[in-house]
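Heads up, the next two complexes both have chain A, just with different partners, chain B and then chain C.
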Partner chain A sequence: MQKEQISDKEAIFLYASFLLGSTALVGIGGDAKNDAWLAGIIGVIMSIPMLLIYSRLSNLYPGRDLFDILDEILGKILGKIVSIIYTLFSFHLGALVIHNFAQFINTAAMPETPIIISMFFLGLVCIYAVRLGIESLSKTIGLFFPLLLIMIFIVQLLTIPNLHFENLKPFLANGLKPVFKGAFTAFAFPFTETVVLLGVFSSLKTKKSAYKISFFGLLIGAIVIISLSTRNTLVLGGLAGSLYFPAHVAVSMISVGDFIQRIEVTVAITLVFNVFVKSSVCLLVACRGIKKIFNLVEYRSVVIQTGLLMIFLSYIVYDNIMLMTYWAFKVYPYYAFPMEVIFPVIVWIVAEIKVRKANKLKPVEV
Partner chain B sequence: MRVVKISFLVLMILVTSFLVTGCWNYKEIDKMAIVSGVAVDKGKKEKIRLTVEIIQVSGGSNSVTSPKVITTEGKTIFDAARNAISIVGKKLYWSHVKVLIISKELAKKDVIPIMDWYKRDSETRFDVNLLISKGDCAAEILTGKILTDQIMSFELSNMIKNQKNLSKAPQSNMVVYCNQLEGEGIQPVLPTIELKKIANSKIPTIMGTGIFKADKVVGYIDGDETMNLLFVKDEVKGGVLVVDVKEKDKSTSVSLEIFKSKTEVKPIIDGKNIKMSIKIETETAIDEVTSDINIINQKGFEKVENLAEEKLKKQVTEVIKKVQHKYKADVFGFGSKVNQEDPKVWKKIEKDWDKKFENLEVSVDAKVHIRNSAELSRTLKVWK
Partner chain C sequence: MFLLPILGYILLFFIDFKPLYKQKRWSDFWVNTFIGVVTFTMAMLLSFGVKIPSPEKPIRELITMLFGK
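The block that comes next holds the complex of A and B.
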């Protein structure tokens, strides 16, 4: 079988779309209130070293995915244990994202539809996409994501009459503490969640491109997320903090000449696509992890089972929407910290040492 | 094999076409009762009396929309809204509500029971126009005489929208109101509506402002005072400024049309002393002169400008004084300006801001610029 490949452009879009995920809907830096934009920027800056580490790892071992790297560096047993942790992390993350989406649909659009229906249909599409493989997924993204960006841009332009810049004041009213708290949340969700992407970047076309992809992907994703969050604050002011889905209400305020109005559906479109991408990638990585752990030949043989389990997990993972936001903003940053920071740093240090040693042992070519 | 495959595909297409034809609870438009306007009163038996104007759409080639007004009671707004089913037979659909009218009596007590459901429910929208009824019964407004539209709520919504050419009532919706309610150092205002008896029919008029202190209305100011209030809040987008000019023994009124206005409110913080300085800059044009005094020249312009500035200054100061001493509610948002300027100082004085506001020193400075005199280069001359 021909090896699957992702071009650089598609990978950048994949990266940005993954970052947007459900974050574009729930916003970032809730703790920081009207300084959320600052929290976002600090969060991005904080996550840059981690992204460099991820890129370095994928550059050191081109053509290998996260689980191959773990196996190589941590050895058979420890590697397997960490692989299991990452598989579960990715599996869980995918379920959370699906739940997030379904909760939005259930709250804002179809309150009488059982929540499992929206989860199930999104999950089915993800299973289908993952069975087709990363190449078709990234081709889809390459096709749709630019359109989404254009749409987001147009909606942003349309909100200009509703922006109230005095909502940004007072600047740093409660000091820097809440800003850093918000930045830490943004750091964990979504910026360093991209560790999951290491699981698919084995299919990159060129060896050197991991840095480039991280950089441009982060640039696009961060600009969009921060501008959306800032827009929510500018349009809604203090109200943004009390809404579960501020983006939805902020866009609903648009009314250009009584003609262009009620365009909340654009928020839903953006959300559906990005959530689809994020949960598909999570499912894919989880399947690859299972394949590696059990030494399977093909990950495709476990996609349907894992996908269905993921849908079910997303159904039972939270009881209600309060738990969802509590988890996402209060618990998640600490829960995800080992997977996003501690393990990657350890792996990276060991990898650097190993590479140095291997280089020393190599006879010098003259 | 091929036959099996094709027949399976056909089956799949048939099944999915049945499954994905529409939403879970799909409703035809003529099966819905679309709410266009709401009025909330104190109930006679229960706590809340809800009056809604619903639009009935009848299908066919010559579709007619006809409004109907119905009244229900309930323990809460939502309860009353659902009780409507037993009258209309259909579930009310809330996404097209244009106006929400709150009765004077309820506004005096507190408005949170009304706002909360409206904010929380997913069918209702934040861009609804809020109004306070000055008359005894808010429901009466929905049954008043309609002049230009078919549907009362739409006419009211147009009235509010076109206030930008009048500036005698503030603009408010759910987002604006809630931010004023929750915001530090600012008190909410809402436009008032009232039925006026004109030629034997009762016609609703939107003019004036209800002043809130926290979630209760503490008083009302009229249309002209509202304009001055809006000058301070920097929300004047249009309107008319009438200036009386006296020359020798003749006097005339000059109407200035406002095109653009900008107000800068700046707190001057000096230790513990806080002063507010308000600078109003207005672009106008002469649109009416009621006598033959010739003022359409450089000197006349300057004279009118000066008089207008003086008048504006006086009026704005008066309104600020009135609100400060009579209602004691910081509807101008002076406190929030202090907060924006210096959050640290605000933290210290936040607690006794109410007292501080009462005795706050405010200096008003107005600048009126006359752009042109519309299409006439002189006043009418009477031959004699």
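The block that comes next holds the complex of A and C.
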């Protein structure tokens, strides 16, 4: 079977689209309220060291995915245990993202349709995309993501008449604590979730590209997320923190010359595409993990069943929308911390030691 | 309602399980069958309207216990 490859441009868009995921809808900041923009910026700065670690790992072991790296660095048994943890994490993340999407569709667009229907059809598209492979998925992203960016930009321009800059005041009214709490939330969801992308970075074309992709992907993703979040605050003020989907409400207020109105469907289009990308990547990484754990011939053998399991998990995972928001901002950052920070740091330190030892044993190449 | 998952899984047998069996990829086949049994059970339970417990509750309770609300 030929090896799948993705170009740098496609990988940058994949990275940015993964970051946007459901965050573009749910928003960032949580506790920070009108200082969400500051929380977002601090969250990005906090996540840079972790992204450098992920890139370094990908750089040290080019052509290997997350599970190969774990196997090589931690050994057979410990590597398998951590692989199981990452497979479950990726699988669970995919289910949470599908649930976010379905809650939005159920709340904003189709309240009478049973929620499992939207989950099921999104899940089917993801299963199909993952069976086709990462190359097809990234080519789709390369085609559609620039269009989405243009659309987001136009919508941002159209909101200018509704912006109220006084909504940013009072600056740091509740002190720095809520800002740092919000920054920690943004750090965990979505900026360091990109650890999951290590599972697909084995398909990169060149060895050096991991840093470039992380940098530009983070740049695009962070600019879009922070600008969307700031726009929500500027348009909605204090209301932004108490809505489940602030982006949808902020855009619905656009009315240019009584002619351009009701364009909140653009938010839904952006969401559908980014959620599709994120849940597909999560499903792909989960299937690759299962492949590695059970030494399967090909990950495609288990895609349909794993995808169905993901759909059912997304259906049963939260009882209501309040629990979903509570989870995203209060529970998820702590739950994801070991997978996003602790394990990668340990793996990176061991990898550096191993590589240095191997270099000492080998004669220096000129 | 329970007929829908049964029909779906009969279709899946032909497009998902049978090719693996014919290609004699045994490890792939058995892992896929195991996950298939789990998903089929879940599909049947959901179709009968049974409430399956969510894994988020123990995680949430553990984290609230460790770090507070």
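Simple rule for what comes next: the second predicted complex is superposed on the first by the 363 of 366 C-alpha atoms of A that agree within 3 Å, B and C clash if a C-alpha of one lies under 4 Å from a C-alpha of the other, contacts with A are read in each partner's own complex, and residues count from 1 in each chain.
To be clear about the criterion, a contact is a pair of C-beta atoms (placed from the backbone, for glycine too) under 8 Å apart; a residue touches a chain by one contact, two chains touch by 3 or more.
Note that the structure is predicted; figures quoted are calculated from it, not measured.
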After lining both complexes up on chain A, report clash or fit for chain B versus chain C.
-> fit
If you stack the two complexes on chain A, which partner ends up touching A:Glu166: first (chain B), second (chain C), both, or neither?
-> first
Should A:Glu112 be classified as contacting the first partner (chain B), the second (chain C), both, or neither?
-> first
May I ask you to decide whether A:Val196 touches chain B, chain C, both, or neither, giving the answer as first, second, both or neither?
-> neither
C-alpha centroid angle, chain C to chain B via chain A, nearest 10° = 110
State whether A:Val317 touches chain B only (first), chain C only (second), both chains, or neither.
-> second
Using the touch definition from the top, say if A:Glu298 reaches chain B (first), chain C (second), both or neither.
-> second
On the overlay, how many Å separate the closest CA atoms of chain B and chain C?
-> 13
In the complex formed with chain B, which residues of chain A make contact?
-> 107-113, 117, 166, 169-173, 235-239, 249, 252-253, 255
If you look only at chain C, which of its residues touch chain A in the complex?
-> 12, 15-16, 20, 25, 27-29, 31-32, 35-36, 38-39, 42-43, 46, 51-56, 59-60, 63-64, 66-67, 69
In the complex with chain A, residue positions of chain B that touch it | 23-25, 122, 125-127, 175, 178-179, 182-183, 339-343, 346
Chain C partner, complex, touching residues on chain A are 92, 116, 290, 294-298, 301-302, 304-306, 308-309, 312-313, 315-319, 323, 327, 330-331, 334-335
